[in-house]
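So, here's a batch of structures to check.
Heads up, the next two complexes both have subunit A, just with different partners, subunit B and then subunit C.
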Partner chain A sequence: MSENNRKTIASPVPGKVAEVKTKPGDQVKRGDLLLIVEAMKMYNRVLTPYDGVVREVAVSAGQKVNTSDPLVVIEV
Partner chain B sequence: MEFLRILRVMADATGIYNFSAGNLVMICFGILFIYFGIKKRYEPFLLVPLGIGAILVNIPGTGLMDVGGLLHFNYLGVEKVIYPPLIFLGVGAMTDFGPLIANPSTIILGAAAHIGIFIALVGAKLLGFTIKEAGAIGIIGGADGPMAIYVSTKLAPHLLGQVAVSAYSYMALLPLIQPPIMRLLVPRRERELAMEQLRPVSRREKIVFPIMMIILVNSLLPPIAPLISCLMLGNLIRESGVIERIADTLGGVFLDIVTVFIAVAIGSTMSAQNFVNLKTLEIVVLGLIAFCTGTAGGLLAARIMCKLSGGKINPLIGSAGIAAVPMAARVSHTVGIEDNPYNFLIMYAMGPNLAGVLGTAVAGGIMLTLLGVH
Partner chain C sequence: MELYAELTRRREQIKQMGGAKAVAKQHQSGKWTARERMEYFFDPGTFNETGMFIKHRQAGFGMAGKEIPAEGVIVGYGKVNGRTVMAAAEDYTSMAGTFGEYHGKKFARAIDLAREMGIPFVGMNDSGGARLQEGIDTLEAYAWLFRSQIRASGVIPQLALLMGPCLGGQAYHPVMQDFVLQCREAGFMGIAGPAFVKTQLGIDIDLQTLSGVEAHAVKSGCTHVVVEDDRDCLDRAKELLQFLPQNNREKPPVTKPGEPSGAVPELDGLVPEHSLEPYDMHEIIRRLVDNGYFFEIMAGFAPNIITGFGRFNGRSTGIVASQPDWMGGVINCDAADKAARFIRCCDLFNIPLVSIHDTPGYMIGPEEDWKGILRHGSKLLFAYIEATVPKISVIVRKSFAGAYLGMCCKDTGADLVFAWPEATVTIVGAETAASIIFAKEIKSAADPEAVRAQRIREYRNLYENPYNAAERGYIDDVIMPSETRQRICAALDLLENKQVTGPWKKYSNITL
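The block that comes next holds the complex of A and B.
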């Protein structure tokens, strides 16, 4: 498997991971919900822009994240 | 006969016997606020206590708002201008000024969105309000509750209830007021624009910023020193990074508690005798005009910046310039994500949103200074 096939979904906002909605091995389609990040008292839905298989979930619920921190790795 | 007389005396003393039509109208408004807060989830932490305050003060005979009553004691926090600086202390501790420091050009959007203040001020003057009353009404357009309370306490304390209720109600109803204007004034292709990532802001910059603002703004506009000082003190506590526990408390539990107190206090000004008159209607309409024109001003300025930057700025962040932190930024984000689900505008919108807070403070400071009020 080439590294080019692996796409990292990064946090779009600084905040706290409220809920993780996926796990390694899950088959996902573009637009599927991966996780929810709370920022500025708002729940932000992080969707996958790719079809593929989730290979890694780098965060857990309750964890603080900054913009660009890796959240999920998807093999496309 | 004696028994009937006693019954009559008891009936006269009940709230039901003393209800007026005005009380019922205001109680309906209270219930409407609670409905919007709970059912529609429009800023429930503001609307629910606001609605309860409005209901309580319109039940005759409780004496809650009489001198010595519970609501009267609570209202002193507004009248004596104690709550607004405390709210600013909490807001400062909660707020990351990074987006404003990273993109200072968004200050233009904060300024443009304050056109509503001056439109409402001129409108109020034309309707026959004095210049001080017009200033207090105009500041509703700043969409900043504590600042509206602060300025109206200084300029026109007799209008404090109407001004504060308008400011807080419209802030809570931003998700209803702003989106139609945003969709009308910004074409879809511009609403979909994704913005470049903001540059990282260093810890040193974030620590210097509040100290600089305390010195600069307070030197230029001393009348607003209590608010700006508390806002920046709260922010310095946050950014210092060495007293995280206090920063978390100030920006969380403390802010929530003071918000409940201030919202109940504002709601408790909504008695039928204060509110059911033409002046209230005029103030409420002027406040709405201020919010709408301010939103439009910010959006149009952002569209100009979008064109000049070659599409690097999503014009939806312009409406956040009217202040109302972070509600207005959340509306920018929510409307943006409807057209492009991968577009996270919240942090970009925080730039003009924070500029709006400073803009309202500056506008209030200018009014107080020009009118010779300290």
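The block that comes next holds the complex of A and C.
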């Protein structure tokens, strides 16, 4: 698998992972919900911009994340 | 008569533009010619050209005797939807529409005339850039253009249609107009093109990536509306003009109301009860405005705040709304910049404002603080407090802390404030408030968690609702969501003849 096929989805905001909605091996389609990051009193839905297979989930619920921290790796 | 034939011959010659070959090339690249654009833009048979015979006076560097029909820019006036508009269209087929002394003079004079006559100006950009052969004559002509457009700024609406390239200092021309419409495949602007970036900085980047729609509608915030092609661009420009008055002393045209200003039952229960749950604010906006028609401005840039035009009972209205679906509707530097400029534009052109709050606050943290959230965020305060047009605020859910002030509350400028029963208007969330106010008590309690929960509940019951603010008169009425459209329409009737006089000054020292 080449590096170019692996796309990393990063956190759009600094906050806390409220819920993880995907796991490695999941087949995902563009626009599917991957996880929710709570920040500034709001749930921020993190959606996949790619079709593909989830290869890695780098975070778990309750974990603090910063802007551009990697959350999920998708093989496209 | 020979004299008449001479006129016809000269006219026909100029109307050939750069000649059949150049015109074919323009068409091959998917673009219309400047004359085709003008013809499509104006109501049939209403276009009057001026300065057709204007010619450069250069002799150096191969310019002697060089024919550049209409000096590479077609200028004139006519009717658009029955209203008079001035336009200039650069002709890429004539010496690549390059900008020289007399090209600039035609452009600047057109804007001056539009300002003096109080009619909108529309510029269609499609140019190879500065005509370097002309040296200082070209450079100074940019100053004429910039001076004319800035003197006209705030007097008449100015629209830039980016239908071809516009690179180099010339690109200040479109961005300094009120709205930039950029064609998806053909429109480019930038302070320098890829070749210059390569030689000066060693960076390899293609024109579309550096200067295309993604660059300006998403990243830089210079483009207001992305359009598909020439036809779409001109259609959207005509639509946009319908929301604007002819000049700053008029109100925008009132169209016939498309539907009665009755109740909208679908709005009840539309906002998720759980205050952390996101939803798409467009769903609310479309249900509030006439015929569900919303003309969005800068949709791709800072989507956490929505700006655009809609109508209430036919009245053109600027809408500024939080977008909970994008970063929770938080206000960051880009969102504040985007909304503040839109608010001031509406104010300049007598367009009332409706502000819809559902925001947790201004974005905090080192990234935004260092980017200058205080400086950028305060532009919203300047914009709202100084705007003299009718201002109506609707708090649909959260309106917290600085964002309550920044989205226009009673005393930052709103003439009328409505809140939905779901609204929570407070300085801070209950969790934060209780843990600060009662820090000592919670720490020393036998059961800290129980005391903490109790204090949070108390704070929430007292403040996390619309009634506390309504008791003080900061909210004029708490209304059912379904009543909102009726109430906005009635409020705009009330505010129709609003007059405000402020203290004398040149202008405020806005936190640019």
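Criterion: the second predicted complex is superposed on the first by the 76 of 76 C-alpha atoms of A that agree within 3 Å, B and C clash if a C-alpha of one lies under 4 Å from a C-alpha of the other, contacts with A are read in each partner's own complex, and residues count from 1 in each chain.
Heads up, the rule we're going with is that a contact is a pair of C-beta atoms (placed from the backbone, for glycine too) under 8 Å apart; a residue touches a chain by one contact, two chains touch by 3 or more.
The shown structure was predicted, so the numbers you read here are calculated from the model rather than taken from an experiment.
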Look at A:Q63 in the shared chain and tell me whether it touches subunit B only, subunit C only, both, or neither; answer first, second, both or neither.
neither
Tell me which partner A:Y43 touches in the superposition: subunit B (first), subunit C (second), both or neither.
second
Examine A:G31 and indicate which partner it touches, taking first as subunit B and second as subunit C; both and neither are also allowed.
first
If you stack the two complexes on chain A, which partner ends up touching A:N5: first (subunit B), second (subunit C), both, or neither?
neither
Residue by residue on subunit A, keep only those touching subunit B in one complex and subunit C in the other, then list them.
12-14, 39-42, 44-45, 67
Using the touch definition from the top, list the residues of subunit A that touch subunit B in their complex.
12-14, 31, 39-42, 44-45, 47, 49, 67-68
Subunit B to subunit A touching residues, read off their complex
96, 197-198, 326, 329-330, 333, 341-342, 344, 346-347, 350
Could you please specify the touching residues of subunit C with respect to subunit A in the complex?
275-278, 324-325, 327-330, 360-361, 363-365, 367, 398, 400, 429
Residue numbers on subunit A that touch subunit C, as the complex places them
12-14, 38-45, 67
